[in-house]
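Okay, so subunit A shows up in both of these, paired with subunit B first and subunit C after.
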Partner chain A sequence: MKVKVIARNPDDYVRETKLDIQRVPRNYDPSLHPFEVSREYTRALNATKLERVFAKPFVASLDGHRDGVNCMAKHAKSLSTLLSGSCDGEVKVWNLSKHECVRTLQAHEGFVRGMVVRYCGTSFFTVGDDKTIKQWKMESPGYGEEEEPINTILGKTVYTGLDHHQNDPVFATCGQQVDIWDEQRSSPIRSFTWGVDSFSSVHFNPVETELLASCASDRSIVLYDMRESTPLKKVIMAMRSNTLSWNPMEAYYFTCANEDYNLYTYDMRYLAKPIMVHMDHVSAVLDVDYAPTGKEFVSASFDKTIRIFAKDGGHSREVYHTKRMQHVICIKWSADNKYILSGSDEMNIRLWKANAAEKLGVLAPREREAANYSQKLKEKFQHHPQIRRIARHRHLPKTIYHQTKELRVMKEARRRKERNVRKHSKPGSVPVVSEKEKHVVTVVK
Partner chain B sequence: MAKVSKKKASKKKTRSGGAEQSNERHPDVMYDDEKEEDATDEDVTVEDEDGYDERKRQKLLEAIGTLSGKRKKTLGERSEAAVHMSEFTVNAEGEGDKVDLSDLIGSMKTTPGLSGKSKKRLKNLEQSRKTIECPLSKQESERIRRDLAFQKVSKEVSHWKSVIRQNERAEQLVFPLNQEHSGPKPIERVVMDWKAQTPLEQEVFTLLSANKQPINDPILTPTEEASMKAMSLEEAKVRRAELQKARALQSYYEAKARRQKKIKSKKYHKVLNKAKSKDFHKQFDEMVKRDPAAALEELNKMETARMQERMSLKHQNSSKWARSKAIMAKYDEGARKAIQQQLEVNKDLTQKLVTSLNKEEEETMEEEGNADVVPDFVNDAEQGLDFSNPWMTGKLSQDCVEKETSNAVTIRAEEDVAEEEEVEETEEEVLLREFDSRRKRRQAQEADAAVMLMEEEEEEEEENKDASDKEEEELSEFTSLFKGIAEGCGEADTAAELEKELKLRCQDDEELLTQDKEAEEEEEATDEGPVVPQHPPATENTHKTGKSRKRRKGIELKQVLTKGAQLLQVPFAPTIEDAEDSEETLDQRGLIKEAFAGDDIISDFLKEKRKQEDAGKPKAVDLTLPGWGEWGGGGLQPSCRKRRKFRRKMAPPTPRKDQHLPGVVISEKRSSSIRLHQVNALPFPFESPSVFENTIRSALGRTWNTERTVKKVTKPKVVTKLGAIIEPMTREELVKDRNGASAGSSSSVKRKP
Partner chain C sequence: MASPGEASVNETHVGKKKKLPARYWQELQEEERKDENKVKKDGEQSKEALQQEEDKTQKAKKRKQDQSPSDGEKVKPEKSDPFPGPAPIPEDRLQKFKRKDKLKKPHRKQHKLRDIIARSEDASEMAQKQAARFDLLLPEEAGFLEGDEDEDTCMISQEDIAEAVDITSGAKYFNLKLSQFGPYRLDYSKTGRHLLLGGRRGHVACIDWASKQLMCEINVMESVNDVKWLHTEAMYAVAQKKWLYIYDSNGIELHCIRKFNDVLRMQFLPYHFLLATAVSSQYMVTSGMDKKLKVYDVRTFKPLKSYFLPAGAACLSLSQKGLLSAATGDVVQVYKDVCSMPVTKPYMAHRLRGTVWGLHFCPFEDVLGIGHGDGFTSMLVPGAGEPNFDGLDANPYRSAKQRQEWEVKALMEKIQPDLISLDPTELAQVDQATWEQRHQDRVEVLGFDPLAKEKFVPKYKKKGRSSAGAIERRKKQVAHEEQRDVIRKSVEDKMKMEKERKERERKKAALSTQKSALDRFKK
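Coming up: the complex of A and B.
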């Protein structure tokens, strides 16, 4: 009698050490694993649903300010340190990992308008409504010492914005004009004016470090080169830009936050037309900050929401809001690309996750692989209606929801009217103006 | 000063000489002019120093004059000669006259300090009568300056274009960008400011330096470095390894060839040849795809070989050797095998090579080949499966039939078999009978249907016939084969009880089928209009015989197998593996039979398929209006002629996808539940639907791909390090990119770790 026995060689399936991955003998013959598309579709759908389930972006709220938070600054060398200045002239230094304030100082009388940390991280600068620029040490004073700035510069006019050079002891302020200061001198080494009397913000280009851009009250954005004696160019838009942010990875792109609820990404070489209009906010956009990877940016708006846009996306991929958060005045994306910090009117600083459904902390290799796989699946099936519907679903406050609808109706009405005008006028007399061109009034050389 | 001016002059000359001046140079020119002006200005101020006191005095006087109250316009008079003349006291004697350049430079000839060059230039100026354009306004000049500066900056910024584009296209970006390589570093790099301090160390270092050994970075001596430049160690190693491998392979090959040559065994060479031919076939298949011309040549060669084989009948079983072996085969296993092999060779050689285009032909060809010799499945081991049940075979129709035939043949060949096999045999007999009876019933039923249809309209009849034909054909495949085998077998063992039982089952099936059919027909009839009365059975009978004969003709074994099987009376090796095994399987077989009692899956499936096909067919539309052109009213039907006239036949539908797939039903209807999940428009970045479909079709998961592929495919686009600050891009990246571009596309590789 012949007895058939299944014989297995343990070498084929037993791993040598427990650190090796499990050996799973597998037959990849496609006929053995049918319906791959439908099975993956189901997985993608589940992954999308789970993403929505786990989307809990709010991490912490830092309270302690006694007035609205007007400006914030990231520490150049430490991820866990954040500085914030409020409308009563108080500056607070926060430890983000402990969610606590480590230092408080009365920096100015009136608003703290701008704040920036020096590139080395040892000191920071503040400007305020009291027409002064102050330089402070990063570490708190020892016992018995007075809280005093290292350096104070008295100016003639109010400064509204401040930014530091990426790797030189040079900083720029704006107010009635844009000034470039050497840290060692008490007077600006260069001043730029171009027929405008007030600027709201100035920012150094982090890549081409000699370039600057500022937003002025005549609805313009002006470009400067620190080495030149004159400004370079300015573009005047339909409404005023509040602030702008340069892309830290792509030298010639910047995005400005406009009063007309939109954000505009420009290529600084071609100012006649923004390369992308980012819509979704329903009120003026007050602040914008790029992710350190340069792939996305976050914007804060008067409509009490924070939105995250892809740098080349016309609409936001994410919106954050809470019931208690009022007008968001300043926003920062943390330097490790993981968190977003928002400072708002109601005196709180909020810490958000940049990726709402991301698991925080160290991932096990298998976890990471699973996350990568589900991410790819979501990308692969993102155009399928059911998946898109789930992935795009966000809960919005009632007011914003209705305002969005209202704006849509208004826009449609305008469009229809324009179409009708075009239909009833001589062909070619009413040209079609694209959305991108619509918001630029002129470019001044 | 003179030297400088000379230089400038020479510069100017060259510029005026070269007509094509680039724009970039222009500001330089302006700059030069400005400088010159500055220089002259300075000279003037130096001269002015002398008249400074005079001016002061005059101012004082004027101030005193204004004190007196009335402002008196006093023109300065020249009353006396003075060394120092104030410019302010020059009176306006020659007012109205234009001042010439000659007046101003009159003193030039006398001044000794002036160089010849400047004199010449001044003279030239004097001669030219053109007025100089007034300088641009401040706004204008500012604007020009801004424009130039902007152009410069935008040009500078544009250098980043390649880096940005590359990053956009990169499969994966790892941030922070310039991470330090994690891993062991040489101690010298870590401890940079280490110095020899103790006398021993110092001594060692002096020795080292004396012998030109490296001190700080003791990796390579100068000579080693030189040799490294010639060829790096790794490169050399790789090359040597390659050479070694090549040599080893060569020697192996030689040894193998020698060994093979020595082998005397015929069998071995036969096997070798077989393997070679197999290989050749594979290559040929590839060749067909790649090089059709060469393939055709090969095909011709094969064809000639085949022809020769067929003519010579070399490997047939009719040769003397074969006959002797056939006699011997009864007692000798070796002889049996030899004959089988020979037959196989014959089969291989005579087989016509078929291209993939005509698959049906291929099949028939195979059948022919099989008919010629003993089919090779004859010697397949008996698996002990129940062939009446398709669940057990895993295949639908034909295979199981083949298996049956094989069984039959084995049974016939073997005279002395055990009782267990007897049981099996009878069972097969029963199955055969079952199929046969079913066939008969089917024929009868069909005749019925045909008769009924005769009375219907012509087109309809045809349609139905076609449909039933199809079904009939599909079923008759089994029956015909069975019948043929049964006849050939000629054995009349009967197991009465079993037969009865099965017959009952069959009848049930048949009834079900016929009922269904009738129901359908009735439906159709009602659809069409008045019910056609059932015809008497007498006519049915008359038609029956003729029809059935016709059918039988269509499914005759001789027509299926065009060549008569040449029977070879060779006893085969016992193929049943174990007696006990079969008993067990029998039990299981019984169980399954019980479980699926009254389950005729094949016919059910075919019925279902037919139903679906019928549902998909467009129905004829009856447009008859009763009462038009003839009498109307209650109980009156429109005439048959009229009905035929107003009957509109619809266009035939497009052929179904599963037309030629007997075991498959492909539904081409759009399902609303699936539509919810389908993409209804081509998404943005895709340009053609096929591309999009391809991206969807390729699976990403571990179930379908190997570990490495999955890792590669699911690589995230952006990777960041936990707790690391991502600095903005620095200018070094630009430099790196440039270097990379000059060296080759190395930077792109770097970007993908």
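Coming up: the complex of A and C.
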């Protein structure tokens, strides 16, 4: 007879010395792992709950400004440097790793309306309410030297916005018209007008570097090509946009922050209908900035909250608020995709984590694997009602909570009225207008 | 997309000829060719030969230039791989890891959904293949027992088997003579290392049966109906005459649960951490006084097979590899492959000193434990246990630290009792019923159906590609595609109906072939 019985050699299964790691032989046979779906579901549930437990996004507050923070600028080359301009004309340079102010200078009399760091990182530009454009050195002045701008340009009207070209020594300002300046000249090389009396902001496209967009006071967004002499086209919306931000990864998408509590993502080529309407704020949206990956963006609103949206998500995935943070005027997403910087009315700049439950710092390989596994499980089961309920749950201040409910009731009422009108009129006479098309008035070429 | 490093693209390598270092085989081949030429013809033809040689070497150089930059590892660039592509995986192994069939493709217009589904299906296919490939690396192999030409496997005695295998495996066949405290019930722990014995007259003992070390031994002074390990070898439950008691592995009484009276049989659900009288396997085997053994499929609640036994089996146990052991009186018989093929004779048989009271296969060993009136016997059954265990689940060689970590993780993954259902993969499926309900609500609220297919409007193309004929052609194309979808769906539905009808008819026929006394009155 032929016989074989399972005979295991313990030397193959037990570690040799105390200093070795334990041996863990694996067998992935599904019959040895029953109830795999239920166990995965339980793990996903635990992961979602733990994410809420560890969601502590606030990192630090940068204190020092003596008036509300009006604008911020990211340093082009250094991740730990931030520049901020306040409503009393002061510009401060911060070191983010030490949470302290490195340099202060009195840039303008009146508001600092716009700031941008040159692409090389050695100098930065500011515009203010005193109708000047000033260029400053990035290095602090030496001992005994005064803070002096490298260059000052006096203009005739107030400039309200500023942005620099990605690679060339060219920058653009907006005020009563959009001007393109060369750094060596003291008068603009080109000016764009379109019958509008004031523009609130101007932004260069980071991918298609010759394109610009600006938000005008006649509720429109105007697109320009720097190489041409006239603007390209403009889209007029129902309410005015405060600012906009170009997607750093997709050349033709930009998101504008509008006064009607929404944000709109447009494709530059088809301005008739926005790609997405992002609804969640309960007051005017003041600023928007994209993450460097181009997959998400953050918006700051007059309703004292910051919201993070996915690029194609109609509703926010995250909301940050603090009792001490008043109206958030400006917001930036740091270039390493990990932090969000918000400047608000009460003279503070706050540093937040982009992923609230993320562990910062270097992770051990097992930690990283466990985090990736939990993330994948949460994504797999995200639609199950219990898990969705826990993942969506956020605490909101009472005013905002009641305001959202009120806005929902109002929207519901409007929708019901429209439905009734459609029901009681001749079929086809009241066309169905989708939510996206409702907010665009017209596109002008 | 933003491309910060654009400067590097300006330099190209096209048209540049790199000079490669001379390889040893190139010189050898040139020499060979030279020798050949010299041997063949001398004189006039040598010039031509040299020219030809030069051409050849030029061509060879060019070919080598093309090939060698790509693969620096190949020794001889002219040889090709005799087994191109990835290694093939045997079909049955791939089938073992298959979870679900591919999903039906969603509508053409739902780009994102199609993308997501395609990506996830690719990922699961890759996972399936990787798992199937990993099977090759498993250290152990299952046991087997094959008799000679005229020998029957059920005639081979335990002593023969114990002699034929090595000493440690042979030591797994042993008898414990415990005739004082009545017939014994037994249970093996989940890892298979620890054994719990409970005698009818109150003797409870737990031992590490491989090393024969006694962990605890107590007498509970009451009649014991059943004993069961809980999730680890630290606690066990004893169903005593009146109530249910839980003891520590040192014999200390932890709990006395008065709510359970007269418990006869217990079962522990390891993943739910529940002690119940439920069956957790796929097949259920029952036996009765009618001397028949029936195998049921628990998912469909249908009897699969039915066997005839000489006497009703009092105890049954199913091993990890699908062996079934049935005990009648003082004889234990082991059957192989009960669930898949019909079986006529037992795989092995063993006779004991007393009536069999308890039967249990040891989880990762080829051992069957039998509790009987005369004590305990451990029997060798080659091919009963799963040879390769998973270290993260039940590891017989785990240390105390590993056991603690495992316990914490297992408790965190404990499945809630609401998730106990007949179909274990229910959670992974789309909840169609409530989706439909929500869809109906949404249609009501909005006044129109947001998911209804929009009429296809062909895009206006420039340069004369939008003539009337072209537009009509495009419209017809889409219409044909949609018609094909409709036809396919209706064919599938029809096939399903046909199948169901055939099933019903077959069942009817099966029932009708049963003879009844009234058959003679039928025409």
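To be clear about the criterion, the second predicted complex is superposed on the first by the 422 of 445 C-alpha atoms of A that agree within 3 Å, B and C clash if a C-alpha of one lies under 4 Å from a C-alpha of the other, contacts with A are read in each partner's own complex, and residues count from 1 in each chain.
In this text, a residue touches a chain if its C-beta (ideal position, glycine included) is under 8 Å from a C-beta of that chain, and two chains touch if they have at least 3 such contacts.
All values derive from a computational prediction rather than experimental measurement.
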Open item on the list: Which partner chains sit in contact with A:A172 here, subunit B, subunit C, both or neither? Use first/second/both/neither.
Closed with: neither
TODO: Identify the partner contact of A:N46: answer first if only subunit B is touched, second if only subunit C is, both if each is, neither if none is.
DONE: second
Open item on the list: For A:L211 in the superposed arrangement: first (subunit B), second (subunit C), both or neither?
Closed with: first
Open item on the list: I'd like to know which partner A:L377 touches here: subunit B for first, subunit C for second, both or neither.
Closed with: first
Open item on the list: One more residue to check, A:V112. First (subunit B), second (subunit C), both or neither?
Closed with: neither
TODO: Would you check which partner chain A:I329 touches, where first means subunit B only, second means subunit C only, and both and neither mean what they say?
DONE: neither
- [ ] Pick one for A:R8: touches subunit B only (first), subunit C only (second), both, or neither.
- [x] second
Open item on the list: Tell me the contact category for A:V282 with respect to subunit B and subunit C: first, second, both or neither.
Closed with: neither
TODO: State which residues of subunit A lie in both footprints, the one left by subunit B and the one left by subunit C.
DONE: 1-2, 28, 30, 33, 37, 39, 41, 43, 206-207, 248-251, 384
Open item on the list: Considering only the defined contacts, which subunit A positions touch subunit C in the complex?
Closed with: 1-8, 10, 12-14, 22-35, 37-39, 41-43, 46, 206-207, 248-251, 384, 415, 419, 422-423, 432
Open item on the list: Under the definition above, what is the set of subunit B residues touching subunit A in their complex?
Closed with: 142-143, 145-147, 149-150, 153-154, 156-158, 160, 164, 167, 173, 175, 577-578, 580, 676-680, 683, 692, 695-697, 699-707, 710-711, 713-716, 718, 720-731
Task: Partner subunit B, residues of subunit A touching it in the complex - done: 1-2, 21, 28, 30, 33, 36-37, 39-41, 43, 77, 79, 166, 206-208, 211, 223, 225, 228-233, 248-252, 268-269, 292-295, 335-338, 362, 369, 372-373, 375-377, 380-381, 383-386, 445
- [ ] Please give the residue numbers of subunit C that touch subunit A in the complex, ascending.
- [x] 1-2, 96-97, 99, 131, 134-135, 138-148, 151, 153, 156, 160-161, 164-166, 168-169, 172, 271, 280, 320, 364-366, 380, 382, 385-393, 395-399, 401-402, 412-416, 419, 424-428, 445-448
